[in-house]
Every structure is written in C-alpha cells, then in structure tokens.
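What follows is one structure encoded as structure tokens, with my remarks underneath.
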Amino acid sequence: MNQSRAQRWVLGFFVLLALVMLSAPTVVVMGASVSAGRMIAFPPEGFSLQWYGKILAASDLRQAFGRTLVVALICTAVALPVGTLAGIALAKFRLRFAGAVQVYLLLPFTVPLIGSGIGMMLAFGKMGILGQLWPVGIACAVINLPFMIWAVTASAAALDPDLELAAANCGAGRVQTFLSVTLPAVTPGIITGSLLMFILAMNEFLVSLLLVDARIVTLPVQIYNSIRSIITPDLAAISVVFIVMAALAIALLDWLVGLDIFLKSK
Amino acid sequence: MTRHIQRPSLSRRAVLRGGVAFGGAALLAQLGAGRAFAAEPEKPAELIVRAWGGSWVDALKAGVSDPFTAATGITIRHDLTEDNEIQPKIWAAAEQKRVPPIHINWDTTTNATKSALRGVAEDLSDLSNLAGTTDLAKPVGLEGYPIVNTYGYVYVLAYRPEAFPDGAPKSWKDLLDPKFKGRIALYNDGIGFHFPAQVAGGGKLEDIPANMDACWAFVEQMKAQEPLLGEDPDFTTWFQNGEIDAACTISTNAREARKNGVNIAWTVPEEGCKFDTDGLWIPVGLPENELYWAKQYINFALTKDAQQVWLDGLGLPGVVPGLTPPADLVDDASYPTKPADFEHLIRISAQVQVENESEWFAKFKAIMQG
Amino acid sequence: MRPSRAEYPYRWRLMDRLEAAADRLFPRRWSRWTGWLMLAPALLLVAVLLIGLVQIADASLHTLDRKTFRTSAAYSLDNYRAALDQGVYLAVLWRSVLGAAIVTLLTLLLAFPYGYVMVRTRSSNLRKLLLIALFLPFFIGQVVRAYGWLIILGNGGLVNDLLGLVGVPPQRLLFNYPAVLFGLVQYMLPFAVLMLAPALTAIPEETEAAAGSLGANWLRTLWHVVLPMARPGLVGAGLVVVSLTLTDFAMPAILGGGGQDFIANAIYDQFFRTSDQGLGAALTLLLVGIGSLVVGAVFTAFGAGTLAMGRART
C-alpha cells in the first residue's frame, strides 16, 4: 500500500488515540487488582496478590462463574443458528417489508435493557419458568441477537450469488450449496458474532438481575450487587481473571485458525 | 437507596460473642420454650434474606444469621440485590401468585411501607419478642406489624475537616459558600436532604407535605453549587479521591469510611437531620412452614443479644432497651438514645413519605436535571 | 493420507438424504418463501421481547395510587400525559438524543481509521494487536470500566497528575456531559469497528491504487472512493451505536455525577425508586418509539447499510 506521509500521520494519530482510549481502563483495573490497600486505586498502594487469593477461595464466586458459563453457552447455542439464518436471509433475499422487519429485529437495541428485563420477568413469570438458568440464556440471546445477525450480514459481502448459481448448475442441491458455498462465505461473521454473543452474555447484569434469584445468581449480577455496596480490588481481580482467560482463548484461536479469520473468509 | 460501608470491620471479639453467646439452648429459650416443644413445622433447608452488601451483611451475619443457623440448623443465604431492585420482583411474584424470591427482606421503612400498603407483606404481630421492643419498632400509620423496624439512623452532614478549618459546619447554609461549588454530594433522589432543606429555607416542618416551597427554594440555591448526585459507594469514592468536601449521608457510611482511613467527620447542623428506620418483613406467598421459620428469624433479630452484635457492626441505635453503644459513638449525634438527642432530629411518618416521595423526588430531579 | 474409497459414497448418500428431506419438507416451488423461513426463528426469538413489551404497554395504561401502591383498574393515558407534561423528561430525552448523535459521529470518526488500518496493514502483528485491543475491554464489564475512568480522570487522577507536572491546576474532568459522551464513545468503539471491518475488507485495494495512479491524492481517494464504498459498514455501525447509546444507563449514571441522566436513567428511577411502574412503562415505550423512528429514518435515508450488502451486488 502506498501511503503518503501525511496519511500515515493522520491514521497513526487516530489509531493511537483509539488504542489509548480502549486500553487505559484495562490497565488501571489490572493495576488496581494487585493493590495492597482496601480500595481500588491507581497507582496501586503497594503490591499484593491478596485479592486473587480471596476470589480463588470464594466458592460462591466459582459457582456463580459456572452458572455464567452455562448461560453464555445457552445464549450462543441459541443465537448462532438463529442469527446466522436470519443474517443470510436478510443479505440474500429481497423481502417485502424488509424495512419493517429490520426495525423489528433491532427492538433488542431500541428497548432499554431495564424495559427488556421487566418485560421478560413478567412474561417468564407468567409462564412459570423463572428460577432456572435457561431462560436467562434465552434472554441474553434475545437482547444481543442483532449483533449476531449483523455480524453475519456484514460479512455477506463475500457472498457471491454467482458462486451459488454455479454450484447449482453443477448439480449441487440446495442443502449442499448452502453448506459448501453460502455458509463458508459468512464464516468470519459467524465467528465474530458468536464470540460477541458469548462475551456479552458473560457480562450481562441488568436483565439477568431481574431473572435470577439468590440460588442461581450469575457472576456479573453478583459483581453488580457488590459494586452497589463497595468497590474493592477483588472486583478488579475478577476482571483480570476474565482478561487472562480471554487472552488465552484469543491465543488459542490464533494458533488454531489465525486471527485473520475475523477479517477474511477462507 | 444503596447501602454502603467498606470492608468488614467487625471486631473478632464481636463475632465470637455473636457465635458463642447463642447455643441452641439459649435460642430456644428466646424463641419461647413452650413453642419450641410444640410440634414445629418442618424446617426448610435454607432461608433467603435480602441484605445490603459489605459490612451491612457481615454485621447481620454475625449478629443474627449465624447464631440462628447454630440454633436451628437452617442455613441462611443472603441475597445482595438492592432493596429497590428486589421490590418489582417481589411485587410481580405476588401479582402472579408465585413463591417470592426471598423469605425475609431487610428494607428501608419507606420502601417496606409501600409493600405493606400494597398488601404483599405478612403480618408479624404475633412475634413474641415484640413485647420487649421500644416504640421505634412499630411502623407508623399501618395496621399491625407488616414490618418490624429494627434500628434507626441519621442522615448526617459528613465533611472533610480540612475543608472546614473553623470547625464543624453549624448550618446547612454553610454549604452555600462559593468555595464548595462542585464539592458537595447529595443522594440522587435528594433523600435525607428535603426536610433539613425545608428548615434551612425558612419553612416549617409542620407544613410538610402541604407547603414545601421553602425546601425547593433551598434546593434551588444548592443547585447553583452544582452538587454531585450519587449513591453511597459514590460518596466514599468521592471522599477518598478528594472530589467532595461535604455530603448528606447515613452516619454508618461516614463511620466506615473513617475506619478505613478517610479523614472524615460528621455533625447534625442547627436545622436538624433526618432520622429514619430500617426494618424486616416477609413477602406473601411462602409455604406455611417457611413462613413460620422466617418469622422465627425476625423474632430472633429482636433479641437483645442479636441486636447488640448486629448494631455494633452498623453503629446504630436499636429497638430493644439496654443496648450498649460502640465506644466511638457514645454521646455521638448520630447515635441518639435519650429524648434530648432527638431534639435536632427530624422524623416524618413513613406514610407521609411514601405518599409524597415520588413527587418530591420528581421535583428534586427537575431542579437538578434542569 | 488418502481418504478411503468408501467415504465419498457415504457422504454423498448422506447429502442425498438431506436434499431429499429438504425437498419433501420444503418443496422447491415454495422457494420464494425461503427467506421468510430462514428469518422465522429470529422473528420468534424477538417475539419473546414483544410479549414483554405487551406487558409493559398494559402497565403504562394504568396509574399508580399512592395510598395503596396498586395500579388503577381503569385504563388511562395519564402516564403519557405526565411524561410529556413534565419538562424534565423532555430535557432528559433531548440530552439522550443529542448524546446519541454526537457519540455516533465521534465513534465512527475513530472507528473508521482504526478499522482501515486493521484491515489494510501489511504487518500481521499490528493487525493482531489492534484486534486484541478491541476485544479485551469487553471482558471488563461496563460498570467496572466506568470506575476505571473515575480513577483516571478524577481530581487526583492520572490525567490531573500529568497536568500538574506542567503547572495546570486540577481540572474537573468528570461528572459533566462531555465525560458521559467520552465514556460512551469508548464503550461503543469496539462494536463499531467490528461492524465496520467487514465492509472495509470488501473494498478491493486495487480500486484505491487505481484512484491513486490516476492522480487523486489520498484525501480525495478517501472521500470519493473509500468512504462511499464503506458506506454500508458506516451505516451498520452507526445504527448499532445510535440505538445502544440512546438506551444506555450505566455511563450517565456513573460518569455523569447524577446530573446528566439519560432517558434510561429516568426509566430506572420510575421502576426502582418511586415504584411507579406505569410511568416507567410509558417512558419505556416512548423511548422505543423514538429509537425505532431513528432507526427507520436511517434506513430510509441511507439504505439498509450492511444489511443489504449481499443484495447490492446482485
């Protein structure tokens, strides 16, 4: 790519600005997690791993974490097929009332989370399914579904209708065309979308708060509740554990398929 | 309202006292021996008590929950959902005839009164230990005991002594000094501030709720000071980071901040401070046996020993006579015990509060968000 | 290793079965409904939300009696009247709408170069760094992140410490409107880049090179070639940011210092502080209406953005 010097400076400036903005709170939270003091502070007061010891010893946190994993898995398992099909449908077909459909499918974003939470609490309560984890997973899938759909449609640029026609001309059936032409074309979107669904479900607190009770409380809800009482470095430590796990997952993904999968289809 | 105090600071001694003092026998005696030998309903494996986090829950655990478990074998699980945020869940459960998500709600008297008016609270008049409580335990303006108040607290004026070199502020009006612009904190909804503002603005307490012009005039003046609005955890963060010099907050929070090394003091200015209570109540819709044991829990919380340990942790005056104040709060304005102590404290009935609170709140917001 | 001979026929047989099943379950002559069939699960899933909205709509038509804390049996529009009559809600609404517009513009301004460099860079290490920096903040919840900003931007925070080094007295950087917008931009940036990147990937590098070789400088290339081609991505990212900002709750609550409420904060207050579910429900529906109007307007004005990318090429 031939870039002029001015272009490089301008792009570099914006990218650096964005990098600092994105990373600054992460750095502060990581620093605060090793504080020897009792309050979140940066630079940390002394160095201590006491807060890590504390969260590792807390069995309620471990249980809440386990439940959160279940919720995130359910959410992703539901949203992945639903969002993928919808995304392909929106990108490929000229549907009537497409505008209305899209406004409808964006409801999860245009309804404030508190409204979604109250509404689903009332609806699930009527159905008598509160007190279990799977409705929480469904709820997370609903409120974040647009991300899944949009990740897929966004990558549908690589979806070449001619290629699908060619496959059909060569005698491939509809299922085969779908599996070997359509689906691989949108794979980057599916991966990005699923990852987003999973991460967002791991962090969802406002809607979950209204759908869980003390017996099935999830980690983000527990964190939210403790923040309401006091912000201590153990919360920073939990965040860092999350970050480390995320880093490991990203490294694994890079090693297995390469991170470029987010940007390019195979 | 969020409740916040910092890390547990209950002394080891207090915890031990809490745990040791109540053997099973002691508790049975307190629950009333006759009852204990009568056929008890089946014990549930656990009871869920909603509580505020931090050392609020630690104090409850040491003073009430743990000894109760020791005596009955019933595990207590604490649900740390905010009192405000559990309310719609309880109401929806009652509306839909479901079992409520908790057994016992530790709640502000104002919020509990709303639930009681709505009819979602069980009557607790038959608790045997009510006989030994002071007037404070009885909710005002409600039939029977849909709530039992368990202690009182004061919305003090907390301040950083460095910012007040001439000593404690004498009046709420002292905060109007231009040097405090942007350095005062109030609760989001103005709770705790309305009544002293009514006095500071030149109005009369008797005029609440009919005529509160004086209050709003003073709030308008305060608005010009660009106060920060938040909840308890915000206040502590702000005090700690030197963002604010003064705040209207519950004394417990100020005391805990001081214990954790934040240089902070508090006072009751001449206009007075709001005094209010918290209580315990049980939502409707529980199975018979769970209701029975939930009542036993509240009954137990009204014993002198339980109150002493629980409220030592909170630094607040209880509802049974003869409690010993924590050493640091003897004769403190935030720990009223004698009638004279109450002279500067403003107490408005929960009923007046719940009926008008939304309006006050909206008005406060309208001024502050304008 | 060479695949065994038997494998192919087996896979073919399976595929044939699937095709046959598909033909039976969904005959080819129905194919004009294929799109709707694929869309149906999503429509149903969002219907869960719709059921909740119906409950909320019902609640919004009953007023609260503060003597009993029960809602009236009769239907009325009083809650909507209250919401529209009180200036404070209009002020808060305007603050949210304006905020959403500003945040969207700023976010796109930052997301575009970020996504562009991420897609175009030759260095795979830089690309990885940018991707990782994008994903990591997700793992610190919005609330903890906001508290991170309190530490950085506070009176005694890092930024003021740095300013102090050059002799600038401590500035109040928090608890105002710009602070809320700043926090929101930071929160929305990763979403925007992720939505934008695929659209940028789709722009052939040769096109830019061609424009360059025809004498256009980079700014002109950017304006006349790259931006128009990236438009679907910009629209898609913009829609995500605008709708999420409009309904955000945590950033105004924490970084606004209580005086910078967005409409979601007002809704929270009604549901949780004053127990007035009817008014909260009315405000919720008003917000949904405004959000949907904005989204619909963007669709109409700019096209469906990323959503139409596949079709645009047919």
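Chains: A, B and C, in written order; residue numbering restarts at 1 for each.
Criterion: a residue touches a chain if its C-beta (ideal position, glycine included) is under 8 Å from a C-beta of that chain, and two chains touch if they have at least 3 such contacts.
If you want to know which protein each chain is, UniProt gives these names: A, C = Binding-protein-dependent transport systems inner membrane component; B = Extracellular solute-binding protein family 1.
Keep in mind the model is a prediction, meaning the values are calculated, not measured.
Taking the mean Cα position of each chain as its centre, B sits at the greatest distance from subunit C. Looking at A-B alongside A-C, one finds more C-beta pairs in contact between the chains of A-C.
Annotation: 38 Å between the Cα-based centres of subunit A and subunit B.
Mean C-alpha positions place subunit A and subunit C at a centre distance of 12 Å. Residues of subunit C in contact with two or more other chains: 147, 151, 271, 277.
Touching two or more other chains at once are residues 118, 121-122, 227, 231 of subunit A.
Across the assembly, subunit B contributes 82, 85, 88, 237 as residues in contact with two or more other chains. Residue ranges of subunit C in contact with subunit B, taken from their complex: 66-70, 86-88, 91-92, 147, 150-151, 154-157, 172, 174-175, 254, 257-259, 261, 266, 269, 271-277.
Residues of subunit B touching subunit A in their complex: 2-7, 48, 52-54, 56-57, 77-82, 85, 88-89, 92-93, 96, 98, 101-102, 231-233, 236-237, 240, 260. Residues of subunit A that touch subunit C in their complex: 1-4, 6-7, 10-11, 14-15, 17-19, 21-26, 28-29, 32, 40-42, 78, 81-83, 85-86, 88-95, 98-99, 101-116, 118-123, 138-139, 141-143, 145-147, 149-151, 153-161, 173-176, 188-189, 192, 195-196, 199-200, 202-203, 205-206, 220, 223-224, 227, 231, 235-236, 239, 242-243, 245-247, 250, 254, 259-260, 262-264. Within the complex, the subunit A residues that touch subunit B are 38-39, 118, 121-122, 125-126, 128, 130-131, 209-210, 213-215, 217, 222, 225-232.
Note for the complex: subunit C touches subunit A at residues 15-16, 18-19, 22, 28, 34-36, 38-39, 41-43, 45-46, 48-53, 55-56, 109-111, 113-114, 116-120, 122, 124, 127-128, 130-145, 147-149, 151-152, 158, 185-186, 189-191, 194-195, 197-199, 201-202, 205, 208-209, 212, 217-218, 233, 236, 239-240, 243-244, 246-247, 249, 263-264, 267-268, 271, 277, 280-281, 284, 287-288, 291-292, 295-296, 299-300, 304, 306-311, 313-314.
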